[in-house]
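Next come two complexes built around chain A: one with chain B, the other with chain C.
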Partner chain A sequence: MRRRALAFALVAAAFAWPGAQAQTGTADGIAQYRALLADGNPAELWEAKGELLWKQKRGPKNVSLEGCDLGQGAGVVKGAFVELPRYFADTKRVQDLESRLLSCMEAQQGFNAAEIAATPFGRGEQLNLEALVAYVSAASRGMKFRLPQARAEERQMFEAGKRIFYFRAGPYDFSCASCHGEAGKRIRLQELPDLTRNPGDGVGYAAWPAYRLSSGELWGMQRRLNDCYRQQRFPFPGYASDATIALATFMGVKSQGSVSIAPSIKR
Partner chain B sequence: MSDPMRIRAQVQGSGAVVRVLMSHEMETGLRKDAAGKTIPAWHITEIVAALNGQTVMTAQWGTAIAKNPFTQFTLKSAKAGDKISISWVDNRGDKRTDEAVVA
Partner chain C sequence: MKTTRTTSLAIAALLAGCATAPMTPPELDQLTQGIMKASFREQGIATLDRLAQDELQQACSGEKPPSDAVAKRLEAAQLASVRWPADDVYLGDWREGEKLAQNGRGMTWSDPAGVPSGGNCYNCHQLAKAEISFGTIGPSLYQYGRLRGVSDPAAPASREMLRYTWGKLWNAKATNACSNMPRFGHAGVLSAGQIRDLMALLLDPASPVNAP
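Moving on, here comes the complex of A and B:
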């Protein structure tokens, strides 16, 4: 399916920019391909589903998530995503969007959060989480990241995330920084954002969650990190674990001020 | 049960541009699952677009269309307030129709 989509993009690009082919670089070609796709981003389907799920009475307690506090007050969705991860007094934890949704699903709807966290990606309640993540992140589209760092717990998470980011280990002796520690790197044709600073609006941290064309799935930050760890041949620290939230805090604070385009579209 | 489509219809010049995003697996019937068994084909076979109840376009689709397909077309002489409806039928006989108003 990926090959088919790419072939289509190349044909389309060849028609649209006949003279410019020689001058434009590979990165420009990919940018054009993405622009062609952005108009019909299937992430919208997840947003619509997520909105329904947010308002729908579900779970053993049969209540909606409209009482869920994502940091802006109960039920407020707009602007919540760009201020996560943050500290929540009720759970006494710094939480990212996905772990916070899990807490709400457990506390309010009566779901078993540990069970959902242990469910493989793309199955059962994880599918519903993807949709909720798309809905909540879309409500902050176009807003700038401004993660709170006022509390000691939040700064501690940032520090922990920094250490995890630079921690080299595993059979390849890789760290996150091996690929994302400087600008201008790429894997095959994929440009790698430099996550140690703000890589720009809608790049890196500000581009996730995203719809992945190659698999036809919507990936949240947890699944993105899972795949980074897989490529490093590390064991994944676990869905909604403190290690993944620490990493998200580090990346989020580093890209402070960048504009979120989530949910975006990726090849 | 199928998820709703997203339909946007905007006036452009003397007509309207209609953009439709559909939620469908679009299985080709060529893939195999983890156990090595062929995943049966499951895809949209026909879409019908209607303007104020009158059919203006039909298309026959097959396995070469991507998952969660997106389609766009231009309608001459569509005005703001006109009703666009899009229907699809898949090879299992599932149907879905959604409507939008030209804006």
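Moving on, here comes the complex of A and C:
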């Protein structure tokens, strides 16, 4: 099934890739290419794997994740994603989906969260996390973001996220805002969402996690932010670190009311 | 009784206020610094000292740009530090410049140490007409030299434009304090020789950027 989806995507790419068209036709060509891709999104395979992993007894304690509270009560998956990051009383932290899954995997299944956080993307338990974020985010597909900001901790994370978003440093002087601070801009042909305001349904924050056609991988927001920081020429942000959660809170609150299409498909 | 009720409500509100008193901006700055410090680690050539901001980076990290007075002062300091080309040679080879303009590699944690960086130009600018995959964060530089009347880069009349362009490439902040463009010479991203080649791409009448 995966092979079929990929073959279809490649055929679509061959038809729709703009090649030497004039600039005016380029954006249309890319939009058409993306629309064709969305028709056979291989993220479904990660969603299915994630559902199995959620229900499967695993880890040193041999229990499932069905007792995991993602913010809507133990085991409730639907609607959880569009209200994250949020504050959790048991960990006394504001957590995004990936950070929260790690907490559950440690507290309930007996995994070592620090060890998993230090595992490179695309290996070991990180592969299972990809599937889990696909499953959990898919259960909120079509729902609108409504991150809670009632608690002081949640508002503080938003304020910290805003400061981190505009933080310029490194040999290139880049911040998140260098690429995502204005509407209608591109890097090469890649359109850039303006993340300082609400970029709209299924755009920016509302498009991740996503299946990446170029690498054949499912990327969660953690991996997306990690690669942004790589290209910002920054040092390496820790997996599920507070800086990444603060940024997610900032982007998520800016996207309040937008419809999540995650897991989406990207080039 | 009404007074008592009002008083107790006021106290409750005060207590609630104490419990959830919003942090002041300096407290939030401090919280953010702590988060940044705890969240990043060194990887490959991307060392933690990259998070230490210089004065300009700090001034340009707000939601709003600094005041005109601050921006002017920062620009003057950046301009004073520009290193002008040795022997007054401003232009190199536009062919090498085009390769650099296409090249977006360098300085990430996945890049090996010691490999020269590219110029990243097409990521943000239009240059030669043949390259349709260009970004739009910066202005179009197609016809850069022609539009600025540089028909003979060696002519004295061209000198001012050569110096202005060199200044932009060496340190874009010398003329625009919070420009999105990296300070290629200042930050040691590109060598003087590489900047000469980019100068040629922009200003040599034979460069495809200036093709009629």
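The working rule: the second predicted complex is superposed on the first by the 243 of 267 C-alpha atoms of A that agree within 3 Å, B and C clash if a C-alpha of one lies under 4 Å from a C-alpha of the other, contacts with A are read in each partner's own complex, and residues count from 1 in each chain.
We adopt the following convention: a contact is a pair of C-beta atoms (placed from the backbone, for glycine too) under 8 Å apart; a residue touches a chain by one contact, two chains touch by 3 or more.
It should be emphasised that the depicted structure is a prediction, and the values quoted were computed from it without experimental measurement.
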item	value
Touched partner set for A:Arg123, first chain B, second chain C, both or neither	neither
Partner chain(s) touched by A:Gly40 [first = chain B, second = chain C, both, neither]	first
Touched chain A residues, chain B compared with chain C	C
Partner chain in contact with A:Lys92 - chain B first, chain C second, else both or neither	neither
Doubly contacted residues of chain A, that is, touched by chain B and again by chain C	none
Residues of chain A defined as touching chain C within the complex	18, 20-21, 23, 26, 151-152, 155-156, 159-160, 162-164, 166-175, 178-179, 182, 184-190, 192, 196, 230-231, 233-238, 241-244, 246
Chain A residues touching chain B - in the complex, by the definition given at the top	1, 4-5, 39-40, 42, 44-45, 48-49, 213, 216
Chain B - residues contacting chain A, complex	3-4, 6, 19, 21, 23, 64, 66-68, 70, 72
Residue ranges of chain C touching chain A (in the complex, touch as defined)	19-23, 28-29, 31-32, 35-36, 38-43, 46-48, 50-53, 56-57, 60-63, 107-110, 122-124, 132-137, 173, 180, 182-183, 187-189
